[in-house]
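Just below sit the structures, each encoded as structure tokens.
Both of the next two complexes hold subunit A, though its partner changes from subunit B to subunit C.
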Partner chain A sequence: MSVTDLEKPSVEQARATSFYEASARARIRLLLDPASFVEFIGPEQREVSPHLKLFDLPEQFDDGIIVGRGSLAGSPVFIAAQEGRFMGGAFGEVHGAKLTGLLRAAKELKSIPVLILFDTGGVRLQEANAGELAIAEIMRAVIEARTAGVKVIGLIGGRSGCYGGGGLIAGCCSALAVSEQGRIAVSGPEVIETNRGVEEFDSRDRALVWRTMGGKHRRLIGGAELFADDTVQAFREAALELLETTAGFGIDTLNAEQSRLEDRLQRFGACRDAVEIWAAEGVADAASVPALPADQFIELADKVRRIARDAR
Partner chain B sequence: MTLDKILTSLFPDGHDVKNDGGVLLGSGTLRSGARALVIGVADRTALGVDEAIRLSGTVLGSIRNGSGPILVIVDSDSQRMSKRDELLGLNEFLAHLAKSLIHADIQGRPTIGLLYGHSAAGAFLASALATRVLVGLPGADPAVMDLPSMSKVTKLPIEVLEEKAKSTPVFAPGLQNLVQLGAVHVTWDDKVSLADQLEKLLGNMGDARDRRDALGKERGGRMKAADIAERVRELAMQTR
Partner chain C sequence: MKNWQQGRQARDARIEAGAKLAKGKIVEARDATRLMEAVIRPGDRVCLEGDNQKQADLLCRALLAVDLARVNGLHMVQSGIVLPEHLDLFDRGVAKRLDYAYSGPQSARIARMLFGGKIELGAVHTYLELFARYFIDLTPQVALIAAVSADRDGNLYTGPNTEDTPTVVEATAFKNGVVIAQVNEIVDKVPRVDIPADRVQFVVEADKPFFVEPLFTRDPGAITEGQILTAMLAIKAIYARYGVQRLNHGIGFSTAAIELLLPTYGERLGLKGKVASHFALNPHPALIPAIESGWVEQIHCFGSEVGMDDYIRARSDVFFTGPDGSLRSNRAFCQTAGLYACDMFIGSTLQIDLQGNSSTVTTSRIAGFGGAPNMGADARGRRHPSAPWLQAGGEADPDSSALLRRGRKLVVQIGETFGEKNVPLFVEKLDAIELAEKLKLDLAPVMIYGDDVTHIVTEEGVANLLLCRDANEREQAIRGVAGYTDVGRNRDRKMVQHLRERGVIRRPEDLGIDPLDADRSMLAARSIKDLVRWSGGLYAPPSQFRNW
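Presenting the complex of A and B:
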């Protein structure tokens, strides 16, 4: 063994990296099989947003999203990863179009699944109309791909969470894995507070944010199929499991989802806080859930709620 | 145009659309004699979990038992911004409504959005923007984000934003901007029978494909989206 081999961390060590802390590029590199990733329209092509100049804002050569193909445990996958550190991972015209194109190819090829690593605050306000429309096009493209038999898996554990239209795209995916940090919502805490007042939602109350929008709550109400620890390895394993277990898409899926959501409204519609929902769901010591380590939480969640794999 | 006037002009042969707390549900008789399902949001109502589940349930029921086109008539607020809605998973309810509409369209129930008032953000995505063809009526006033909120986020004065809005349709509110971007396919004339305009549109729906990025390019509102999507698609298609 040479000195460089000793210094180089093994793939396993590298995959123990925090998913939350990693950049979008590192997430892709570590999640996929080593050296398997090929990017489409990479930063060297400098396809930047044509709209940020108007606001004197810096551009990024990949417009905050990386799309391409690679392999996962030997099988081909398409993959997209948003960079939450550029403009909050928000959807603009170029950013969104890259994902739309990837999904359209998946629809035509039918056999290659798509992984979407969400990390987004939603629409990029400086190009709000183009961003909103890009999200509408992505939602349509996800459903068309799923109708063609493609599995579209969302992985959520980045610093910007998955907000606004990102939350709607996530809801269109075949299945989701989420970590504790991976918040999923439509209106962000600040948006609710600004519009409805601090009595409705105190955005500085971080515990409230986590238990209302965070990964544990989403897993417990069935908003995400799997809860993952905050490592790239955990997300890789979650992606493999979801690719294995996720059912197809059609009218039966939608009818099952309608029942699933009606049931949720009926059971929890009057609850005022997540802890009440968890207690109603049968968690014995509901108040202790936020403090549980990932492995203990996963064990608990598997006990109290089996997630339907054919109702999204 | 008021909702009553719109429904009367759309369905001179009768309709049974009811407005129940801002949720529109019912059907109307088309010129051809066939029925169209009508759903929607009225009175600038916010779209929350309670509204969305009724709309999606109606669409799915109609896929089981009905036929004909589906009209989605919209004058809404944004999504309901509340702790309760987010606690219950609003993103899933809105996505489910959009999925139901897109599925209906793919399965031969053409969907047409009719925007006659306001709409914004998540409510817009789950309703009007989840249809195949979106029609704007005079007076429609969509806004992904209003300028005062945008001013707060971008830290630019409203006057500066108004000035910038003159040179690009890409961020400012308004129907014409969304026409230029390809989000709104066509605007109708309120002085002509809406039933006639609907009949003409139904005869000219094309296939169930999303052409909004191509429209945006033709109209000069979104010069990049169609080309970037197509380039990525071609590169990805080389994967075998």
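Presenting the complex of A and C:
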């Protein structure tokens, strides 16, 4: 990629760029309107983790998360993007505080939505207490922002997926878009295997991991509102659609979400594998779902499961 | 009068003892251990088929369970020490002595057991050496082999992973040995006869298919930009320069990157049809885009690869297949092909010293040699000319008479100056030497000797060792591409500059390569799913490589 390409992002470039492979900065650059991004607490301020050097671990000047503002199709948005290639995108003290601050600013302003580009394995083990606190603060900030009328949209399609506390925060968002590569869960495959045994969950069986936690399953089971192909442009379009369609937030929303989850547990609680759930949802050839190209899957998902607009 | 039939009589006695457990040649799986006790004698030389990929795992477990009063102190002669049970045999005392070639997955434990004296080591071989010794001084009395299916007469179909089986059976069956096969199923008619029935004495039907490890699948998603840069350098400085058509690739990510750059970068350089058309190679999934783009004319395989069966079957113009349509691999023949009929070997290693010796041994691991030394060695018995071979020979020795000058095989080591976990690739002294001293070995386990290495490729550039005229130049050429490792930082800058002016060292810019162009978007496939798409859905990757 030459320097001129870096300066002039285009729709074609966003279409040609894999969201999964792109860095957090490339995702922001290609997702927002060209040259509209302004970073808060950028790497030049060197606001690094105070904990990592105790473990003799390398720091990153932005602590693995980029926050700022920009515009999407001409309208202002706040945006945060985790860098999954730095410590698996894990939440630490500074990392978490940057996202909390962004969400609180959105709450104050009330009218500007927030996009969170998750790419995280959860909390950073080296700063576990600070990280866990950060997760709790972020969840509160998401709910407070939504209560103030702010839409908080999660976009999930990175290398590290969206695990641990990231999965909890995603569950608090107004709406989610996910790609096939994206995974959403709390406990990761290895954690489940370690705690419950390989018979319960074989973390090396990647097809099993993907059909249990991957984007297609999350879309079919209602955990994510939209499925996006793995390009930055597809995520941009998904974000626009979700900003357009997501309803407000109140006690009715929470009641609807509660009954949606109860209904889900009742209908699928006895299923042993995701394929059984898809079949129960009325997918004719459930076993073929993992291999379906994105466009065909979106068509299928739209037919099988209407988006529950009132829940979340 | 001397009895000249003792071996035959002993074999007949073994077969007779085993026959009591068999119906015809078929023995039930639950009787497998009793069969071992009937047929095998203490101290026998036994080949337990442990190949690079397929494993006679049921027979291995059966052997492990024998009554030690009846079977003990065996001398195992097998190419691969792959399963933990292969070493349990020594822990338990079933086996005592070992001659082998490769022990990848068990490399740490085998080192511990050698230190602890649990194993009496004959030698660590290359595949061809061990196969050769099967016919000279390591001929097995009993071979325990694995096949996909057998008919009731004992004809065997080995499936695409034929690998070592024909060689093992040849040596055993024709020198008074007994061959016992485990098969996944017994059928009325085998798809093709890989091993004729008269070489097989007993057949055991296994309750589950023999174990095969997908060893050659490299996820394009894990290829780094550094590896892409080294791949670009290799394509331009070596493939294009010598016009290498007949070659073998190692199994690392750098060579996977080369495979995935052929249809993109290689195409742009106009190299299609001029390089990389004939391979001695396992069916690497990463080669699918190059095959589909018409780069590859033919590939002969050591073994197969999990998930590639349908693709190979549909591309019989490229692969060697039987009348039934499935791949026929053969490790001994393919190793011979790699040694004598290829003009280049290119692969990665873990350590390279100042003479260019390389080794994959570290102080706590003995991975063995497998086949790389056969590929990565100049065959002194070679007599047929080819353009790359003659060109390399000319570069090494420009002043001698062309008609009397040997050619040289191109032996290329490729890697990043700092490998996995930032461990330097270049070292002053190989760990292999320390290991040899500790174990009191006669020879340090060197994978590829420095005098066979012709080129070293790193992200810093390409060192052409053929153009070095003495040991000092050679050392500085190696230091000159060793980057910021200690070896690289201790270079003689003037000398390295001089070598660069002579073209011994070539930097990316000397080759017209901008390191910033080394981008993952250049790969013909960036994920396993892309490979499936390239194959038209014929490649079926195993579950552990799927992210869908």
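In the analysis below, the second predicted complex is superposed on the first by the 299 of 312 C-alpha atoms of A that agree within 3 Å, B and C clash if a C-alpha of one lies under 4 Å from a C-alpha of the other, contacts with A are read in each partner's own complex, and residues count from 1 in each chain.
In this text, a contact is a pair of C-beta atoms (placed from the backbone, for glycine too) under 8 Å apart; a residue touches a chain by one contact, two chains touch by 3 or more.
Bear in mind the structure is a predicted one, so any value in this text is a computation, not a measurement.
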Checklist entry - When the two structures are overlaid on chain A, which partner does A:Gly214 contact: first (subunit B), second (subunit C), both, or neither? => result second
Checklist entry - Which partner does A:Ser75 contact after superposing on A: first (subunit B), second (subunit C), both, neither? => result neither
Checklist entry - Touch check for A:Leu133: first (subunit B), second (subunit C), both, or neither? => result first
Next on the checklist: Just to be sure I read the superposition right, which of the two partners does A:Gln13 touch: subunit B = first, subunit C = second, or both, or neither?
Outcome noted: neither
Item to check | Partner contacting more residues of subunit A (subunit B vs subunit C) | outcome: B
Checklist entry - Between subunit B (first) and subunit C (second), which does A:Thr245 come into contact with in this model arrangement: first, second, both, or neither? => result neither
Checklist entry - Does the superposition put A:Glu180 against subunit B (first), subunit C (second), both, or neither? => result second
Checklist entry - Is A:Gly171 in contact with subunit B, with subunit C, with both, or with neither (first, second, both, neither)? => result first
Item to check | Common ground on subunit A, meaning residues reached by subunit C in one complex and by subunit B in the other | outcome: none
Item to check | Contact footprint of subunit A on subunit B as seen in their complex | outcome: 49-50, 53, 56-57, 60, 63-64, 79, 81-96, 98-100, 102-103, 106-107, 121-122, 124-126, 129-130, 144-145, 149-150, 152-154, 156, 164, 167-172, 177-178, 181-183, 210, 212-213, 216, 222-237, 239
Checklist outcome for this item: Seen from subunit A, its contact residues with subunit C in the complex are 1-2, 16, 18, 21, 180-181, 204-210, 214, 216, 290-291
Item to check | Contact footprint of subunit B on subunit A as seen in their complex | outcome: 40-41, 47, 50-51, 54-55, 67, 69, 76, 78, 93-94, 96-98, 100-102, 104-106, 108-109, 112, 123, 125-137, 139-141, 143-144, 147, 164-165, 167-172, 184-187, 191-192, 194-196, 200-201, 212-213, 217-218, 221-223, 250-251, 254-255, 257-258, 261-262, 264-265, 268-269, 271-274, 277, 312
Item to check | In the complex with subunit A, residue positions of subunit C that touch it | outcome: 221, 516, 519-521, 526, 532, 537, 543-548
